[in-house]
Amino acid sequence: MTLTMFTLNAFYGLALAMNMFIIASGLNLIFGVLRVINFAHGMFYMFGAYIIFTVTKTWGAPFLVGVLASAAGLAVIALAIERLLLKNLYDKEHLMQLLFTFAIVLLMSDAAKMIWGTDQYSVGYPPGLGGAINLGFVLLPQYQLFLCVVGPLIAIAMWLLVDRTRWGRIVRAATQDREMLSALGVNVPMVYAAVFTMGSALAGIGGALAAPRVALVPGMDATIINECFIIVIIGGLGNLWGSFLGALAFGFVVQFGTVLAPNWQDVLPYLLMLAVLIVRPWGLLGRPEAGR
Amino acid sequence: MKISAIIVAAGALGAGTAFAQQPVKIGGMYPLTGGGAVYGVPAMAGHQLAIEELNAKGGILGRKIESIERDDKLNPSAASSTMKELITKDKVDIVLGGLSSAVGLAMSEVSKQEKVVYIATIPKTIQMTTDKLHKYVFRTASNTDFEGDTMSLLAGRYKLSKLCNLQLDYAYGNDLEAGIVKTLGKNAPNAKIVLTLKPKLGATDFNPFIPQVMAAGCDGVLSGLWGPHFVSWVKQAKPLGFFDKIKWISGGEIASHEIAGELKGDFPDNVISNTYELWYHAQDPSHKEFQARLAKKLNTQETPQWALLGYVGVMYAAAAMEKAKSTEADKVSAALEGLTIKTPVGPLTIDPKSHQANMGQFWGPMVKKPDRAYRMMDPVEYIQPK
Amino acid sequence: MPQRNQLIASAALVVLLALLPLAGSRYAVDLTTEVLIYALFALSLNVLIGFTGNVSFGHAAYFAIGGYTCAILLTTYRWPLAISLPAAVVLAGLVAAVVGYFCVRLTQIYFAMLTLAFAMLVWGVAFKWKEVTGGDDGFTGINLPAMLTNHVSYFYFTLAVVTVAIAALWVICHSAFGLTLVAVRENNVRTGFIGVDTRRMRWAAFTVAGSFGGLAGALFGMYHRGMYIENAFWTESAQVLIMVLLGGMYSFVGPILGAATLHLLQVFTNQYTTYWPTVLGLILLVIVMVLPDGLIGLVSRVKARWGKT
Amino acid sequence: MSDVLQTMLKIGGLWKSFAGFVATRDVSFELKAGEIHAVIGPNGAGKTTFFNLITGHLRPDKGSVAFEGRDLVGLPPQRIVRLGIARSFQRINIYPRLSVFENVQVALIAHEGQQWNLFRPGRSLHREGTRELLELVGLAAEATETAGELSYGKQKQLELAIALASQPRLLLLDEPTAGMSPQETSETIASVRDIVKARGLTLLFTEHDMSVVFGIAERISVLHHGEMIASGAPDAVRNDPEVKRVYLGNNAHG
């Protein structure tokens, strides 16, 4: 591999990692606090992509407005789902929640079909980000550079929010002991609703930011949900920087793995997860859950 | 002897008139949900259009047509069950449709067991009409050999020398590659494949492949990347100036308006590809007529190409039943062999040996037009296999 | 004694099913064959989920291994069914034992994701090993013994095999082994302190589940005369998981009910609307919101959970 | 089976720390067969950790644990149980969704190594033995109830029955009367002592209630901040100045 190729691959791996991180971080947040395995997260991602399509292409709004619309749209959808339905399920079996999110996937897939039909769509790059930057020995696409900036920004913002604010302390406490928090007078249901909304909005942003790079088609939710779970799991459940690390591992393994061993590309993410879980059963930065 | 013959004839006549009340049942199966719906939904629209037209003219053999439509879910086992259901519960006389190779082969397997004719209208895998050919399976779509042949022909015509072969890593991609390799020496003796890459089916990230193609110094790419794969590739490769130097010859119908109309200005230069049908291509009156009716049904002038495939399948079924004067599978199968019908894209004939129709495709370069926001094929050439 | 009633009811159901072909509906016979196979598939998974408390996201792998093995032995190697079918079960069980060895070191979601990873490897092998499995074209044209090519005879064959397999699973689930599995599910730590190697118990449960899953897969492949890589895909694992949850995982018969309900729902809604996902989604929602114990909870609200007979 | 004067459990130089916090500091300890031995100490003294180290729930950083001359370090709980050490837990640790009867039954199945029997119906096994054990701890009337619905005191009794089902020679009870009323406490203690003596068991237990401790313990050991500061006969411990200072002094009058 020449230096040019290596640089390019490393860069692409990073860009992929950042795009995946943005989506997976929301899933991680929801799982970490609510302990809900949200199968609908991929569908939220798809809705994020479709919403930015409608807002920027059909209505002609600027790209940034589209991203915000995707985030807002998913926040509203998620809040409605949480307040109307999901909030009644926290005390039930985890598996019932899983069945619930699967039902949401089915309903939203048909909703998408009714709203957007089955055509495939594409979203243009935001102005000024559609080209590439020439470093002399290598060309780097601007949009991917942009993702490489946005990803860490989101990570830092989440870290500040969760680690440095009162609200964040409550959220972290909620992951530990819900009853205790409730006894302390914290409105736990509101914390849950806020976390679910925020995590889902991140899926929307992830979808919106992925939209210029990929074709928008029904079914685009299917693989993304597995990949997000892989990232969250290999990073360590509920661990923000774990997910960041997990996304980086995912990005580089998929990028370099696909170049070097194209025959394995279909199962690369799963091989990565296998390797991590066998060596570190609780993920890269995860801790074993005490007892039971 | 004579008397018994009369009795038999009378019986047959009686049965015939009783039968005349019964509609002809045509089963149609396409993916209508999930990832395959992009193609399945328009194909089903064409399927329905054909049945509406036939019914307006009195149906088949004077009997009304009853259309029974199902989602094949892009899943071979589910499709197999559904097709059995159509045969055993709904008692269909013939089944049409399918999209993916695996679904096509699964449906072909059911057709073989149940002795019901199946016309594959979209699946292209060559196996269906070679190794796994049987009496009841027919194909009115193109196939990977035809497509590969035309692609290598185009490589020769554009005097390409260093080629990169870019196929999706699954049945269609592998078969198309075989079709190209088989004919390249004959069609483009000066061309050489210097690099073969196979991204996975459903890939959305082509960054591991794009730099490799650019670094290989190819002057042309022979690609089987269809639909969303092509769109994603374009979105990721174009910022690097990928299409400035490299000529992209593609199967997989990426020259269709569904893609060009969506990508608009983002559709790259230097693309030569195919499509089954072109709404803006005035070929002959029958095509214009078809296009007008389809536009009315779908409420858009810019109709998708896939409708034609569903439409032609039904027309073939109808013609075969008329020719056989029966809906019995054995007779319909016999009638389909060598049958020629008129279609919106010209006359088609099913080869009696391979059960394959000589379905051609429109081929040509995609070019900017001053008065259009999207690219169109110009000049268009309808290439039909010999 | 309720157990006796159960036995009589089960026997009556089997007899009733055996009479089904007399009704003359080929469609009903085919549909029932499919339901029987899915019922066995769901029951096999429930050995892990309901009895051991370990959720597998990769159970389709063993279904596929069983299906492909039986198909390949029958067709490529022309082995008789009497050897091919047991061989398929054994191979599925062996692979489950190997995979299980790694998976049972983990618990909860980590366990689930590891099963998923292994299952996707199985899918990858089925996809890439084209010469043997047919790759993504599928393995079609399975060579069945002549006596099973008729749909009625295949139905009886399936009914017999599934009945025996379900009876075997019933015995296993209600054995000392089964009761100890429930103890592992209810309290893993405590079970260690009564002298049980809980990891080995879970490993054994994993292997049992895989073996019976393989049997279901073998029956499935022969029924369709084809195995496809989609049968090993994670969506298939999700589907059987939903069957179990839908029916009720803490009951032995729950998964049978879930399998029948989900499969028939999918078949029937597909006949009426292409918006079958909405119909299915709404039904699932109702079940989740109103029937937390799955369908079996509706059938026997009065009955207490596993533990009281 | 074992001589009354024989050492049953011998612990030497045991250390355990969690992320820098030392929970067990160089603890050495001996337990004679047949004795009733209490481990006391204020909350957080490391009593439960000490039990967990003996029963294999935790692995010591350093030190040795020998049961009847056999090294236990590194053995998983299930192996240690099989050697003859059973325990109860400070926080209720039963099978809340199984019936009371099944709670004990499954422990008997495990004790007999029948968990690998795939054919014998589990519920038909050890019915007699289960009934006897339930009677022994006074739960015969509640046999068919769901364990999780029992009163707290009765759940504690059930724990005892589960522990006894393993037919241990050494019984470790972690706060067997925690959360019980004085009435329940005295009943429980009386029954525990009867059972232990009748079956010739050795008992090691932790306890908060000093009247219980001094009522039945033949020997007492005192843990403080993970260190074993005293060990001996009740009177000797009662009068130990160090114990008085750090523990009894604070608690008895506080």
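Chains here go by letter, A, B, C and D, matching the order in which they are written, and residues are numbered from 1 within each.
Definition applied: contacts are C-beta pairs under 8 Å (C-beta built on N, C-alpha and C of every residue); 3 or more make two chains touch, one makes a residue touch a chain.
Not measured: the values here are computed from a predicted model.
Set against one another, B-C and A-C show the most C-beta pairs in contact at A-C. Most remote chain with respect to chain A, judged by CA-atom centres, is D. Chain A and chain D have CA centres that are 48 Å apart. We define each chain's centre as the mean of its Cα atoms; on that basis chain B and chain D are separated by 75 Å. Chain B and chain C have Cα centroids lying 37 Å from one another.
Remark: chain A and chain C have CA centroids separated by 32 Å (rounded to whole angstrom). In chain C, the residues that touch at least two other chains are 127, 187, 189, 277. Listed for chain D are no residues, as none touches two or more other chains. Within chain A, residues 109-110, 113, 222, 266 each touch two or more of the remaining chains. Each chain pair that touches appears in this list: A-B, A-C, B-C, C-D.
Taken in their complex, chain A has these residues touching chain C: 31, 37, 85, 88-89, 92-93, 95-96, 98-100, 102-107, 109-110, 113, 222, 226, 229-230, 233, 237, 263-264, 266-267, 270-271, 273-274, 277-278, 281-283, 289, 291-292. Within the complex formed with chain D, the residues of chain C that make contact are 171-172, 174-180, 182-183, 186-187, 189-198, 201, 204, 304-309. If you check the complex, the residues on chain D that touch chain C are 55, 57, 76-78, 81-82, 86-87, 89, 93-99, 102, 105-107, 109-111, 113-123, 125, 144, 146, 162, 165-166. In the complex of the two chains, the chain C residues touching chain B come out as 25-27, 30-31, 34, 127, 135-138, 140-141, 220, 224-226, 228-231, 267, 270-271, 274, 276-277.
Across the complex, chain A meets chain B through its residues 2, 4-5, 8-9, 12, 15-16, 109-110, 113, 117-122, 124-125, 130-132, 139, 141-144, 210, 212-220, 222-223, 254-256, 258-259, 262, 265-266.
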